[in-house]
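Common to both upcoming complexes is chain A, partnered first by chain B, then by chain C.
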Partner chain A sequence: MNNDNLVEQGMNTAADINNNYSSAPAGDDLLDFDDDPLSATGVSRKSLVIFFLIDTSGSMKGKKMGELNTVMEELIPEIRKVGEADTEVKVAVLTFSTDVRWMYSAPIPIEEFEWARLRASGVTSLGAALKELNARMSRNGFLNSPSLSFAPVIFLMTDGYPSDDYKAGLKELQANSWYKFGLKAALGIGSEANDNVLAEFTGSADTVVHAYSGGQLAQMIKIIAVTSSQIGSKSMTLSDDTSHELGEEDVFAAKQKLLGQQIQDLVGKAEADDVPFDTGW
Partner chain B sequence: MFNGFSHSVKGASHEKTGLVCQDSSAYKVCDDYAICVVADGHGSKKHFRSNLGSKFAVEATISTIDRFYADKAGFEENLPKNYRLIIKNIQKQIISDWNKLVEEHLSQNPVTDEEKSKFTEEEFAAIQPESYYGTTLIVGVAGKNFTFGVQIGDGTLVALFDDGKAVMPMEYNEAAPANVTASMCNSNAAGMFSAFYRDKQKLIAMFTSTDGLYTSFGSEFDFLDYHTIITSKLNDFENLKKIIVNNLTKRAHFGTEDDISLSCVYDEELFAQKHDLIVSEVEANKQRAAERKAERLKKHVETE
Partner chain C sequence: MTELEIGQEVELEFGGKAQVLSVIGSGGQGTVYLVRFNGQKWALKWYDIDKMKKPKEFIKNLRSNIADGPPDNKFLWPKYLTKEAEDGTFGYIMDLKPEGFDSFVDILNTYKLEVDPLTGRAVKKDVKFSSLTAMITAVINIVNSFRLLHRAGKSYQDLNDGGFFINVNTGAVLVCDCDNIAPDGSNFGIGGKPGYMAPEVVRGIAQPNVQTDKYSLAVVLFKLLFRGDPMEGEKVVRDVCLTESSELRHYGQNAVFVYDPKDASNRPVRGIHDNVIKFWRIYPDYIKDAFIRSFTTGITDPTKRIIENEWQKLFIRLRSEIIMCGCGRTNFASMFVQPTEKTFKCPKCGMEFATLGFSNRSYRMPLYLGCKFYECEMIPESEEFMKVAGELVENKLKPGVLGIKNCSDRKWRAKMPDGVFYDIAPGKGFPVWQGLEIDFGEIKAQI
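Let's look at the complex of A and B:
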């Protein structure tokens, strides 16, 4: 049988003379469609995952952990605002002490995220945490959302020197493309945190800051988390002013540089007038 | 009897930049076979005619499949025996037809000064002419006794066979270079196709879509469930087409803002027999989605 039995051929092309493709209407109200049975599978905006790597070793006990829990609870609504425009922000929290544990078994959309107040105990297994992060930071792991559009933000917070072979973990992680292109920032808490270790993690001293008091900790966490989420979810153009196309590496380098500049700028303006962590308790 | 539909929607990002829709889509249904095809023009600077490239890819696909089916009896007999070889041949002929359409268009419409003005002379000289038209392509073909598909570049093919489960049957070509979007304009394009072939299961419905659809979902489960819901509504076909247009428009506006194309073909008789099964799958998918969400929201850390 040949094409004599052709029933119908429909073509919708951008180049048809009839120009018969649809354009997205300008007004959101035009898109309301209460009876849409397909709304059961929601529309996802461009998405971004923020990884928090949090030291929950014994040295974090007391004011540091208490302050961190409070700040993180306050921070969630602020991160929600970042995502309100056109980005869906998801959060993944990895805690590390003697063991490493994810707060949730997958990244959680910020609208559904609830902070679990953490407890501190044990040693500082940063190397194990970096290995675990590497294992999950893949398309077959935590970055499997079809709508994922941006490299992740990775934010490390610790108050001490690693108790395991962190270099082995970092070496594995450094081979991970998501890590390479992710925005990385680190916060040292108290005077025992080693800024050199943190700079090894972020790849730059500009994206490492230090908090010596509860007030500073709150300020620094908010500065880093909000700034890095804003920059991370920014669609930077792949062409410069001369219309030359830029590669992904150029975009990554521009974002990481911008993050360093903004963090240092904001940290310079931050005020600290409360009691340091390392005195009196 | 086969039936089908196709639709392309311009993405919000292209609305903002004034770029024309880079996608093309089509379907064809006959007594003996049906084709659903979409193509996504690359749309970047050096692919400045990729909206035409995607249209040519769709046209080249339909003309190629028609040609193979010109000897229907021979094709239906030989494909099950030599499907790897014949599908390779189909891929080559699609590329060949596409290149002919590109050459013909270029000879009748030489590159304009305005098109060249965005490049330095050296930059322009370095671009292969077929790259002006660079595009992806995803095709599904439903025959009487078999189903197959071919794909080059991004995009997705979803099929519902007679068990009622939505699946992505494409066997991805691991030989295609990592981090390079395979394209009809690549010099080795014929070697960059992925493909699949099935003849043990009857096909209820098959969908091809450009990546703007896939990226508008938060999870692959949702993406597959979406196709099951569409299939469950094929009994109200005219209303469904309106729903599809509206939903694709919403996704192109609120999702990743890319152009979106969706093409579908289905077997009306088998669908009628399996309608109850598909409806029960939709309900089961809802239950599974609720269970996944409950599991996802469990906390796993030691708390105060």
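Let's look at the complex of A and C:
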């Protein structure tokens, strides 16, 4: 498994880079006579798009939606910090009920992002949402940054069983390389949400969590969104043990595994905190 | 007790309590809080021991670092340990970052975000060096602090852009995050930050040590001067998506310097790496050669990496070759026209600059109003690169007459047009003229 595959499969426009930009030093004459050693622009940053897929079906109405809107507003400043010097973080929000809608027509840099409060009504068209995500998750679509990108973070939140053929949507999405290398996590809200469906989406049960109360909902959204954007926006230290030289197979999907571990740790801790003081003795 | 509450008190090992006032920031290993202790404000780093591999060894190392003290006052060094909490969590107290220092991260971004406390809206503020001298001085300070650390037999291990605060007006440097510093050869679990880690650490065949610090130091210096990643060029960008396996290849197994003279496969890409393309043309060859060596032979052979003392000499030279022309153009002498062996000329306004040649070096120092030389350039055994020894000034009583002022505490001798050497006491000066000779003691200089 290497990136050459990746380029061929989904990111077909990699070759465009070489057409659009000549590599130095071929065209130094194109530069103005501007040689001030202090006139630097910011270092070229890698980009990371965080996709939020949010269920806005009728069953989300009321407290769930209120809680979700509030926590998302509060979350933005927290995610702002994670990029640091290395990564430009952008956010795209896709809502799905009877219809599928993007909150904004393109991913917005986190520094400028403002949460538009969502309303709930209609049914749960998860399959349509996954198809729409697949359509936009390409070099020609939402992932068109000229510089390097990290694989996207994709965070699904839903409170019900899909009302359409989600398997068809998922099948299309699974052929998308950005999805394959992306960091996937999902949150089931309330007792109707099916964790198996969510695990099909993320590819592993570790990155699926469930919230049953309002307080939990806020906590879980924060845990998943902050952890996944932290992991997604940084390169990772590949190895801590120096007993053998690393190969491709050692590092494959290392970030997704780490995400699973950290989410489970944090969720475990959060649940332990939830126990009333007089129980568990 | 991974996180502390505002208002909570933490007991220190040798008595006293620190009260938590607010959160300053959090990192990979824990959170830094603003605390009050003994009536003063300090920073408290509190660890998340779940994320630590060897907490017992870590704390033991921290304790011995505190006992040893910092190699120099440029380090924000751990001061006091806290008592361990019941679950084993602990922290330490250190000085707060003084006013006037910006993080290296903000310098690389060229701005910082300041949040308006009323609206919560983040506003961008420029972060830029106010002069070229300040930037090169910052480089010398960074290099020197690692020289002192390595001389103390320790390695920093986790050298990256989060490790420094810099004063963009003076070039003063503070080294922070000193808690992973360990005797060379030992490691308490930190690997480093990708992009800064030496290739052998990325590949999993070495632990951080003094030699890997040298690689990371070269990356830090490259980023500060050229404002880009030394290993990120065409070859890397072609991958589009940086997956774990592409990082292993581009920063480990097959790391190629963007200006490797023998391998053009990874050149910077216009539109993405414009800074690197632009600045690479500006720096003189002796600086570029040092980076080429660090990132070509130095990749596979750690012993070929540039040692700190060598960097220090190169950048002290570079600082002395800055020309600030009256027309506003500031650059290195190599970017000026050189009409004769002993003069430089501004390509923009045509102004000419005389130079001073020192008896102990082959390159000449251009003279312009306000240019300075330092004690280490005047006394062979001196290490004082921040202490000004002499400055080119205008005579306050005779406007228009330029001369060199003795800012050192030594007596110099200077030759005047009558052919006689006169004593120049500290605080005094003498006019610059064609045929000027200066005797600093061991080192002599002449126009």
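Definition applied: the second predicted complex is superposed on the first by the 208 of 281 C-alpha atoms of A that agree within 3 Å, B and C clash if a C-alpha of one lies under 4 Å from a C-alpha of the other, contacts with A are read in each partner's own complex, and residues count from 1 in each chain.
The rule is simple: contacts are C-beta pairs under 8 Å (C-beta built on N, C-alpha and C of every residue); 3 or more make two chains touch, one makes a residue touch a chain.
Just so it is clear, the structure is predicted and the values come from calculations on it, not from any experiment.
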>> For A:Asn194 in the superposed arrangement: first (chain B), second (chain C), both or neither?
In response: neither
> Is A:Ser163 touching the first partner chain B, the second partner chain C, both, or neither of them?
Replying inline: neither
>> If we overlay the two complexes on their shared chain A, which of chain B and chain C does A:Gln264 touch? Say first, second, both or neither.
In response: neither
>> One more residue to check, A:Trp178. First (chain B), second (chain C), both or neither?
In response: second
>> Tell me the contact category for A:Arg80 with respect to chain B and chain C: first, second, both or neither.
In response: second
>> Just checking: does A:Pro37 make contact with chain B only, chain C only, both, or neither of them? Give me first, second, both or neither.
In response: both
> So, A:Arg119: does it touch chain B (first), chain C (second), both, or neither?
Replying inline: first
>> So in the superposed three-chain picture, is A:Thr70 touching just chain B, just chain C, both, or none of them (first/second/both/neither)?
In response: neither
> Does the superposition put A:Ser47 against chain B (first), chain C (second), both, or neither?
Replying inline: first
> Which residues would you name on chain A as touching chain B in one complex and chain C in the other?
Replying inline: 1-3, 6-7, 11, 13-14, 21-25, 28, 31, 35-38, 40-44, 46, 86, 146-147, 149, 238-239, 243, 245
> Within the complex, which stretch of chain C touches chain A?
Replying inline: 2, 50, 53, 104-106, 108-111, 113, 115, 120, 122, 128-129, 131-132, 135, 161-162, 189, 191-195, 197, 202-207, 223, 225, 227-229, 232-234, 236-249, 251-252, 267-275, 277-283, 329-332, 335
>> Under the definition above, what is the set of chain B residues touching chain A in their complex?
In response: 1-12, 15, 20-32, 41, 44-46, 51-52, 54-55, 58, 62, 66, 69-70, 72, 118, 214-220, 222-223, 225-226, 229-230, 233, 243-257, 259, 261, 286, 295-304
> Touching chain C in the complex: which residues of chain A?
Replying inline: 1-3, 6-7, 11, 13-14, 17-18, 20-25, 27-28, 30-31, 34-38, 40-44, 46, 77, 80, 84-86, 111, 139, 146-151, 177-178, 181, 234-246, 248, 250-255, 265, 269
>> Looking at the complex, which residues from chain A come into contact with chain B?
In response: 1-3, 5-16, 21-25, 28, 31, 33, 35-47, 56, 69, 86, 88, 93, 95, 101-106, 108-109, 112, 114, 116-119, 121, 144-147, 149, 238-239, 243, 245
